[in-house]
Amino acid sequence: MHMSTKTRVAVAGASGYAGGELLRLLLAHPQVEIGALTGASNAGQPLGGLQPHLVPLADRILEPTELSVLEGHDVVFLALPHGQSGAIAAQLGEGTVVVDCGADFRLADPGAWAQFYGGEHAGTWPYGLPELPGQRALLAGATRVAVPGCYPTVSTLTLAPAVAAGLVEPEVVVVAASGTSGAGKAAKPHLLGSEIMGNASAYGVGGTHRHTPEITQNLSGLLGEESGTVSVSFTPLLVPMSRGILATCSAPLRPGVTPDDLRSAYAKAYDDERFVHLLPEGQWPQTKSVIGSNAVHVQVTVDAAAGRMVAVGAVDNLAKGTAGAAVQCMNLALGLDEGLGLTTVGIAP
Amino acid sequence: MHMSTKTRVAVAGASGYAGGELLRLLLAHPQVEIGALTGASNAGQPLGGLQPHLVPLADRILEPTELSVLEGHDVVFLALPHGQSGAIAAQLGEGTVVVDCGADFRLADPGAWAQFYGGEHAGTWPYGLPELPGQRALLAGATRVAVPGCYPTVSTLTLAPAVAAGLVEPEVVVVAASGTSGAGKAAKPHLLGSEIMGNASAYGVGGTHRHTPEITQNLSGLLGEESGTVSVSFTPLLVPMSRGILATCSAPLRPGVTPDDLRSAYAKAYDDERFVHLLPEGQWPQTKSVIGSNAVHVQVTVDAAAGRMVAVGAVDNLAKGTAGAAVQCMNLALGLDEGLGLTTVGIAP
Amino acid sequence: MHMSTKTRVAVAGASGYAGGELLRLLLAHPQVEIGALTGASNAGQPLGGLQPHLVPLADRILEPTELSVLEGHDVVFLALPHGQSGAIAAQLGEGTVVVDCGADFRLADPGAWAQFYGGEHAGTWPYGLPELPGQRALLAGATRVAVPGCYPTVSTLTLAPAVAAGLVEPEVVVVAASGTSGAGKAAKPHLLGSEIMGNASAYGVGGTHRHTPEITQNLSGLLGEESGTVSVSFTPLLVPMSRGILATCSAPLRPGVTPDDLRSAYAKAYDDERFVHLLPEGQWPQTKSVIGSNAVHVQVTVDAAAGRMVAVGAVDNLAKGTAGAAVQCMNLALGLDEGLGLTTVGIAP
Amino acid sequence: MHMSTKTRVAVAGASGYAGGELLRLLLAHPQVEIGALTGASNAGQPLGGLQPHLVPLADRILEPTELSVLEGHDVVFLALPHGQSGAIAAQLGEGTVVVDCGADFRLADPGAWAQFYGGEHAGTWPYGLPELPGQRALLAGATRVAVPGCYPTVSTLTLAPAVAAGLVEPEVVVVAASGTSGAGKAAKPHLLGSEIMGNASAYGVGGTHRHTPEITQNLSGLLGEESGTVSVSFTPLLVPMSRGILATCSAPLRPGVTPDDLRSAYAKAYDDERFVHLLPEGQWPQTKSVIGSNAVHVQVTVDAAAGRMVAVGAVDNLAKGTAGAAVQCMNLALGLDEGLGLTTVGIAP
């Protein structure tokens, strides 16, 4: 008798953007069999009307997001509004790998959770950014993974080598221009196409965006324990595109640091990483190069007159910024090849 | 000794949009090894600066488009401006499969070629639209394939079942809204982002677009020999998106034809086609659902008051509209599974 | 004692797109003083948060849409969802000019109203398209005006000269690509920026869009009384831009009609119209040229092979397609210069 | 005998984006009569084919950019590539007001010119940003005006009150997201619609953009003479829209500075300015609100955790960022009302 050796996965929140991207990637994953798909208000509807690009799943009916539906899968992906993952996860045994695309388990500091999200802190799970020093080992064999936020992914990876090597003062400024899919599929007037097209705007200005403490946590973790925290000034922008984030990051250079020092630090950090690409000198990242891919493109330079390092990173917020990272973490958790089902090739133009 | 069993392919015109999309698809094709990449004015440059999304090929150097570079491959894809394929193809022996993404070998009628393109007609190759009745057999084992134009692909597939079944008068009206990548990568003022964004325009109005005779040829071929030709009124529009064509097609209904007759004809034509999807009743195609995929989405209805059938089709002009069709045809030519390296899953949002 | 000689106007529905565009135009109108502004759920809020582009009115507070607020103005503009204008209008005496931007009073045929809108037909008011033969006289001094729909405006003006002169068969096909502002400011998932950008789609296919009977009424009115009606096949498309409609219109040419006949008919119809521009031969309309303006750009040609006339028109759906027409009609109603406060100059790029 | 009292103006570079916007504004200016329009390679062509939105000037023929064409006007606007204004201006006597939209006469420091532009420094003219302290007086009656660059306009106005009042350390970070029209109408592959749509990218990173020394000059001029210069880290981004710049500006707060201190400084600076609007607390600028207008929208806050002020400004790069400023400066130079022909009302959505 032949038993399927494929991993059976469920996706909770299959009608949203993160859920849809997860399914797009999972359909191309050679070791995965797609099990239950759940929705909230959309339960009972066929997926084809909600995600018409997912042709092979068009006839699948969304089920309610409940234990009875999700249990019995090898892996459960949660693509739910923040605050909902904890209750579901608590019901799923350790025999099920749970990969949470939401924010519930990202922060280590309950005070930061309370300040930025409110309500009770659900806990802290292994943080799904394997390209951070030491992080890959924590994800191997994990049964719970907190997928990073989209802004923290690109901001952290764009700054980490310089911060970790002590080449810059721990006072970073991040201005990140994002497409609109990061804001989700819930209909709000300011996200209408009529408002978004031809428009750029800032929001969460002054350090109030919920991804701020996550960036702070990531970068501070790169300093030695006695080194205190990294100060992060983070401003997100909304620009007229569906996908992609371009993060412009800078910090004061430490005395004597040369462009070569920076380039060496970035090369050392990323030359062996398959999903983070330090571009050739003089070539700057653009979001279009990474759309649909799990790649992050990074470049770094020195502004000598201003005495600052400037680094720029590009990511697809839905792919490596959410669903691609989730699949990458599943691969690590299951002991599969880390890149299975993922690509470094973007879709352009 | 182990010999690679992979098919070795070259791409002539690798720096353009069609060439880039071919490479994106070929990188994901399990039976292909990518050989020479050629360019014209870009020869000598690394591909990474020209197609930064193709990370695995970033260090490849473009070579000149010459026989000495292209010969010795199992398959040569030509993604060249029209008029250049004939000379190259003539030098490549029948031992090499040549798949031409240009227009040179699409038309059977030298008069139509002369009228719409000018210059000498290079000849006629098997036409790479396997979903047309009888066409798949002509492509199996072919050593030369003419890939259809992007507008003809979607217009033909959207109208074919109704025309072939005689459900409409042979007088069709096609208005097709296209993204800009179909116009290529050559810099022209009217194609600048500043001009394109926020703008819709018509061009080639009055039947002057070069794809008109190709649509006519395809649809007329569906009629019996004695039935004359189909009259095609074709108007292309340029709308602000990079990829995708939405073709709105209509024709006078023949007396007594019902919506069910139409739906049956479309279902019969496409239920067994893996890349053409007749959507569920009431769901209309959108280009976003097919971006990056080899799928065509189609829907059909009756406008009873106007006495017309109206059908709408969506395609990614660079994928199924060019490069995807080229890979599909290569698969057929080589006897591989027709869908190898291709997907029906679009990337959205 | 000095009395202001300015016309005092109120705008009901000031927080929506049509209301906002009305206010943008009225702020530039030399003979107008802006009075009450009303909203529904937004009543009580300052306009600045809802229409931040209307700087001079930022501190105005929206009032409820009630008789007590609207009465006492010289002119009341209604920019309300269809079905709401009738009740308000009935309460305003004939001493107040009422210009309705909604659909309630456009159709003459109660049967068409019932079929396409449902509910009771409110009545029929003078139709605000002064460029139609004989229509300007009906608007001069009118106290009630029904502003045409956006699609009917451009479709009618693009086809009228050919239909009126009997140069084409009365069987027209209209495919009109529209920006999203025509769908209004109510938040719906399919109108989100993430869905709209990079996407083209068809809707209301098969003659079901509510503007269909209005186009039919306009064009049929150009035929002699005994000539029956014009058959209209109308398909609207949604394309990724905020404003603008490009209408591609065609019809079978009557025998013997030449391109010169068409051009003469269009020139005769529009040479004396200040807001409808027949472009020079060979130049085709684009929406960007008319954004923010009251202009309609039109071009016409013959597709000899298909035996059809093809004409293309461009309009700003919010300007000449709604609010500009409303101001133009107010000017006519009040006996002012027809073009006061309006421009033919678009904003581009 | 009646003499026109209108000011007769010429526009050199009428086929470009800045020239087109100048003409759009001048057509609405009550005291202006439009004289000669010149082009370079386009001389001899009618304007209608190049700027189809400028309907009233469609039949105007572009003349060569020569003294014989430009002399005899009251005002000459130069909208030429940098480096060309000097030679023309030198030929025009002081009886002609020359308003240069290019960079030639903006910088006071020949060394900065040599470093960022190269070639010989043409000189320094009164700088056309009347909202800077003391600047309006220098422009009144001027016969030569250097219109500021688009990025410097918005960056300077967004930072000036805080810098001038000494509320922040003189080390500013500016990340400015711009539409593509700032890059001009010359066709370059990376500016194609296919490349721009769905894409965000950084350029001129590391302080190499030519507007950097202009921002430095403006902000440093606000400090006392002995206070040295302001350090400016400037990164421009290209985002998918035709018009508009959103500048995100930050700097370390000086000790003890409160949000109220900042707000007061901004209010004091701009409450009497008709074209710079400090938005109500909590409302953040968006480019769409200022498109087509001469307005700049500004907001400021404190990021207490990061110890920084963050201010955001929005401008239409072609309007207040170029052509609107040029008209405003002409008004000042001629002693007209400063706002004649200009509006604070943007076109949205």
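As written, the chains take the letters A, B, C and D, and residue 1 is the first residue of each chain.
Note that in this section contacts are C-beta pairs under 8 Å (C-beta built on N, C-alpha and C of every residue); 3 or more make two chains touch, one makes a residue touch a chain.
Since this is a predicted model, take the numbers as computed values, not measurements.
> If you tally contacting C-beta pairs, which comes out ahead, A-D or B-D? Let me know.
Pair with more contacting C-beta pairs, B-D versus A-D: A-D.
> If you take the mean of the Cα atoms for each chain, which one ends up farthest from chain C?
Computed centres place A farthest from chain C.
> In whole angstrom, what separates the CA-based centres of chain A and chain D?
Computed from C-alpha means, the inter-chain centre distance equals 38 Å.
> Can you work out the whole-Å distance between the CA centroids of chain A and chain B?
Roughly 35 Å, centre to centre.
> Taking the mean of the CA coordinates per chain, how far is chain B from chain D in Å?
Distance between chain centres: 45 Å.
> Among the residues of chain D, which ones contact at least 2 other chains?
17, 179, 181, 185, 192, 194-195, 197-198, 240-243, 286, 288, 291, 349
> Enumerate the contact residues on chain C facing chain D in the complex.
Counting only chain C, the residues touching chain D are 17, 20, 24, 27-28, 48-49, 51-56, 58, 181, 197-198, 242-243, 277, 279-280, 283, 286, 288-293, 295, 297, 343-349.
> Give the list of chain D residues in touch with chain B in this complex.
17, 179-181, 183, 185-189, 191-198, 240-242
> Okay, in this complex, where on chain D does chain A touch?
171, 173, 175, 177, 179, 192, 194-195, 197-203, 205-207, 212, 231-233, 235, 237, 239-246, 248, 250, 284-288, 291, 299, 301-308, 310, 312, 314, 349
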